[in-house]
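Questions regarding the structure given below will be posed in turn.
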Amino acid sequence: MSSRDRGRAWPRGLQAALRYVAMAVLALALFAVILLLAGKDPIQAYRDIFTSTLGSAYGLSEVFVTMTPLLLTALAVALPSRLGLINVGGEGQLYLGALFATWGALRFSALPAWLLLPLMIVLGMIGGALWALPAGYLRARGIVNETITTLLLNVVAPSIVAYFVFGFWHSPMDTNKTANFAAAARLPTLGGTRINLSLIFGVVLLALFWYVMARTRWGLEMRAIGGNPGAARRSGIPVARYLVGVMMAAGALAGLAGMAQVSGYYGVLLVNFSRGLGYMGFLVSWLAGGTPLGIVVTSFVVAVILTGGNLLQLTGDVPYAVINILLATTLFVVLARPSLPRRRKVA
Amino acid sequence: MTPLALLGVVSSAIFSGTSLLYATLGEIVGERSGVVNLGLEGVLLVSAAAGFAASAASGTPYLGILVAMIAGALMNLILGYLVVSRRANQLASGLALMFFGFGLSAWIGRDYVGAKITGLPRLTLPGLAGLPTLYGSLLRFDPLIYLVLPTAALVWWVLFRTRWGLSLRAVGEAPDTAFAAGRNPGRIRYRALLAGGLLAGLGAAHLSIAYAMNWTEYMTAGRGFIAIALVIFSKWHPLRAIVGALLFSGAVAFQLLLQSSGVQVSPFLLNTVPYLLTLGVLIIWGGRRRNAAPASLGRVYQGAE
Amino acid sequence: MKKKNVLSSLAVLATAALVLAACAPALTPQPLAPTPLAPTSLPAEATAAPTAVPTEAGPCLIIGALYGGPVNDAGYNQAMHESVMAIKQNIDCVEIIEAENVPEEAGATSTMENMIQQGAKMIIATAFNHQYPALELSKKYPDVIFEHAGGWEMGPNFANFFGNPPDTWYLMGKAAGMMTKSNKLGFVAAFPLGWTSTFINAFELGAQSVNPEAETTVAYTFAWGDAAKEADATNSLINQGADVITMHVDSPATVISTAESRGVHSIGFQSLAAQQFAPQHWISGTGYTLGDKLTWLASTVLDGTWQPIFLRCGFQDGCMAFAPYGPEVPQEVKDAVEQAKTDIAAGSLVVFAGPIVDQEGNTKVAEGETLSADAMGSVDWFVKGVNGSPK
């Protein structure tokens, strides 16, 4: 059946860009409809989101603050996805990383920052890696799917954190948190903003991820496993070792994100400090197709949405949680993969 | 630990476990057809908010229950649209639905926080009316609680004793085979999600209208994920889910009793037991075929059109 | 597959309908019983100039208020909200920007920053865990005044205010002690905090003063506003025999509704609006009524005489008020409580005067001494007669 394939007339890059623009417009339009139905002014709302995020230096810095943990939690999903592993456990690994790092901060608070911070970073990564280990191991042995294991452990992690905070680390005056971290235990911030050093970590690690996947033998073997585990095993690649190792690495990344949150952002370990950061990372990685550059762009866009909600709450008189609707409509639109008029879907 | 205190634990477990059981039953139906709904938390939140709002606005809880059920069904239909019609990744779609639920429920419920509603009437079964008041007050349950066991039995019967249920399970195991046999996997999954959403809405209604009689943001506090774990724990079987739900909520009630008895067991560690238990049984089953999940669970059905 | 397309379009339409139904400003309930104070819940909007403006254009002072929860929760946040709105009632040219459900700790910073950028010169942070972000910002903006509720930090432009509940708890305990038939009282608490333990102790001491057999059992929910856990805790306490329930959580609504549905007495806290949930078995309750004090603070900001003060005031100064008694409360109970009120106000009755013995029998407050206000904030023991663990 020869049909004129009009889609091919456009360059691929332009096609992709147009598609993203169309999806963005559709998502914004959906949210605008919702706002209208509620009697709010969508133009004003979008203007507020814009001015409070991209329209001022402070706003932009807040966007980066929100974006920072997303880079790491998304990477924690993207890395194992190259092996075909689905790591939904970023949330739990984040909490455990925060837990271990907090132990370091409280126990060694007398140390100077240049010793304490690297120690906390290492502790955070160990915590996250340990939490991901059962999932990797059970998957490698073919006993339990890592999606289920990580999901279950996600729910367990905040309870463990609460146990330590309440049992050992809180003072009578404080409620559901530890004492404030000593200055030496805080990740330094950049300029006068609240952006902390882990933003650099995130970018560097993403670049490292790209390099490892594209240019090293490990990356090659990982892609082989992801493509065809049976064939990979037969050609001598130690699949089990990769499954466990990569899961632990992913856990370490999420753990680092957790450490950065309590050390850089909060300065205290608060029970239930993460409202879905790990899951958000999963969505960012998924939206970005697991590519490093995609992760940077997607987490930036998501961060803009989340940060904009703050001002929207004040001026638009909507609860802050409503910004989740905009986030969700964006996700729905991408998930629903609407096609541009020119392109035909081939069965 | 007097018998009265233990009976109190059972009573509390039944009370708080009912909403969990309904939600679990809903998720079982959906997962049996091959669709996992990670957004169950969001579905429960929206249903709870909508049901509570309707109760507060109309003055009758029964309208609230109806609205909650419809809300649950609609939320699940969103998932159905994404996962069946658009063939999107189930996990990502579920999580997106969860965030949607966070936002929508906050908005729906915003004006109704702290509203006073008429809850459901509490009745004792006719035979038990003669008990001394101390015991009697433990056994006064609302209609939704009395309905939950028959509902579980109904779900079991539909899934395992009707042709519709058989088709549903077939789609969950091998959608391609089912398609070859003349079934429409997409339509069946939609219907499963619809039914599941109604059940989830019922659970959410019980939580906000009959149990807590209130609405606050993020009110379900993880019940959606508890239900997902419970589905696994009960091996995707509606009747085993009853035991699981009682166990899970019984643990909470028991921990409260321990608290007041001065026994120093950390409530947080106790909270983790159900999930670790679930993980434990999964490890014990060890991936044996017989105990596995519906084979096509989580996989996108590509269709043959 | 035509049917599938129909089904999917139906789903989208249905979703739109759901959202429409949710957001349509149709039925606005009146969830709040009329209170003696400010008008009911409508969070103020940061729109243009306020309605009544004196000679100049624009408000004389913009105040930003943040709450940890929703302002219509019939509890702490509502009490704070009403106190803040009282400022506007008393000083007409003031404009108030409000934000509800503001996250704890560092999550509150951007909200406050946004308020300051909208022109707020006074920030009232009402949630416990907003203290440190507010303190940080106070250093960044030395010309903005920060008032925090319930904390302890102070700074050149950062101060603290709160009511003084322990005395009121004693009085409520008295009423509970006289009304209980099972001699078991139930207390639903969020966290084992120093202040919470003080409230529990005051409650039990009040009950013991009229009923030496009275025991208070404590159940923790480990959350400030988890309705399901509150229902769990209330049911558990009732199942253990408690027939008077009270609480220290953000919103008393669920606890009181649950108690009412089980036919058990309840005593409210945080806000006076709680009474509507227990029309029959309500005993009484207390709530924060800080409107006048906040108005005074705002007026000092306006005329430039503001000083950082650690402000604590009790029912004698009008910062805490008592709810009306419920229909089942006999006259003798009312008389006893009123008498005790007068005694406390006169200073002849001090709640935490020694000797006070804890659960293990150790003397925590010796004969002739009293517990200081500072010590009350870090109490980690319960008086004899309380069941439960204070840590």
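Going in written order, the chains are labelled A, B and C, and every chain counts its residues from 1.
As a convention for this text, a residue touches a chain if its C-beta (ideal position, glycine included) is under 8 Å from a C-beta of that chain, and two chains touch if they have at least 3 such contacts.
Computed from a predicted model, the values in this text were never measured in an experiment.
S.K.: Report which of A-B and B-C is connected by more C-beta pairs in contact.
M.R.: B-C
S.K.: With chain centres set to the mean of the C-alpha atoms, which chain is at the far end from chain A?
M.R.: It is C.
S.K.: Just give me the whole-number Å value for how far the CA centre of chain A lies from that of chain C.
M.R.: The mean C-alpha positions of chain A and chain C differ by 36 Å.
S.K.: Between chain A and chain B, tell me the centre distance in angstrom, where each centre is the average of that chain's C-alpha atoms.
M.R.: Measuring from centre to centre gives 28 Å for this pair.
S.K.: Between chain B and chain C, what's the gap in Å when you average each chain's C-alpha atoms?
M.R.: Between these chains, centre-to-centre, one finds 33 Å.
S.K.: Counting only residues that touch at least 2 other chains, which ones in chain C make the list?
M.R.: 19, 23, 101, 222
S.K.: Which chain A residues reach two or more other chains?
M.R.: Where chain A meets two or more other chains at a single residue, that happens at 38, 162, 166, 319-321.
S.K.: Can you list the chain B residues in contact with two or more other chains?
M.R.: 78, 81, 86, 104, 106-107, 110, 217, 268, 305
S.K.: Where on chain C is chain A touching in the complex?
M.R.: 16, 19-20, 23-25, 43, 45-46, 97, 99-106, 109-111, 113-115, 117-118, 128-129, 132, 152, 190-194, 197, 222, 224, 377-380
S.K.: Any idea which chain C residues touch chain B in the complex?
M.R.: For this pair, the touching residues of chain C are 1, 3-5, 7-8, 10-12, 14-15, 17-19, 21-23, 26-29, 31-32, 69-70, 72-75, 78, 101, 217-220, 222-223, 225-233, 235-241, 251, 253-254, 257-258, 261-263, 273, 276-277, 387-389.
S.K.: Would you tell me which residues of chain A are touching chain C in their complex?
M.R.: Against chain C, chain A makes touches at 33-34, 37-39, 52, 56, 58, 62, 162, 166, 171-173, 175-177, 180, 194, 265-268, 270, 273, 275, 307, 310-311, 313-315, 317, 319-321.
S.K.: For a test of understanding, state which residues of chain B touch chain C in their complex under the given definition.
M.R.: Chain B residues touching chain C: 4-5, 7-9, 11-12, 15-16, 50, 53, 56-58, 70-71, 74-75, 77-78, 80-81, 84-86, 104, 106-108, 110-116, 119, 122, 134, 137-138, 186-187, 190, 207-208, 211-217, 219-221, 223, 252-253, 256-257, 259-262, 264, 267-268, 305.
S.K.: Under the touch definition given earlier, write down the residues of chain B that touch chain A in their complex.
M.R.: Touching chain A from chain B are residues 38, 78, 81-82, 86, 88-89, 91-93, 95-100, 102-107, 110, 217, 222, 225-226, 228-229, 232, 266, 268-269, 271-272, 275-276, 278-279, 282-283, 286-287, 298, 305.
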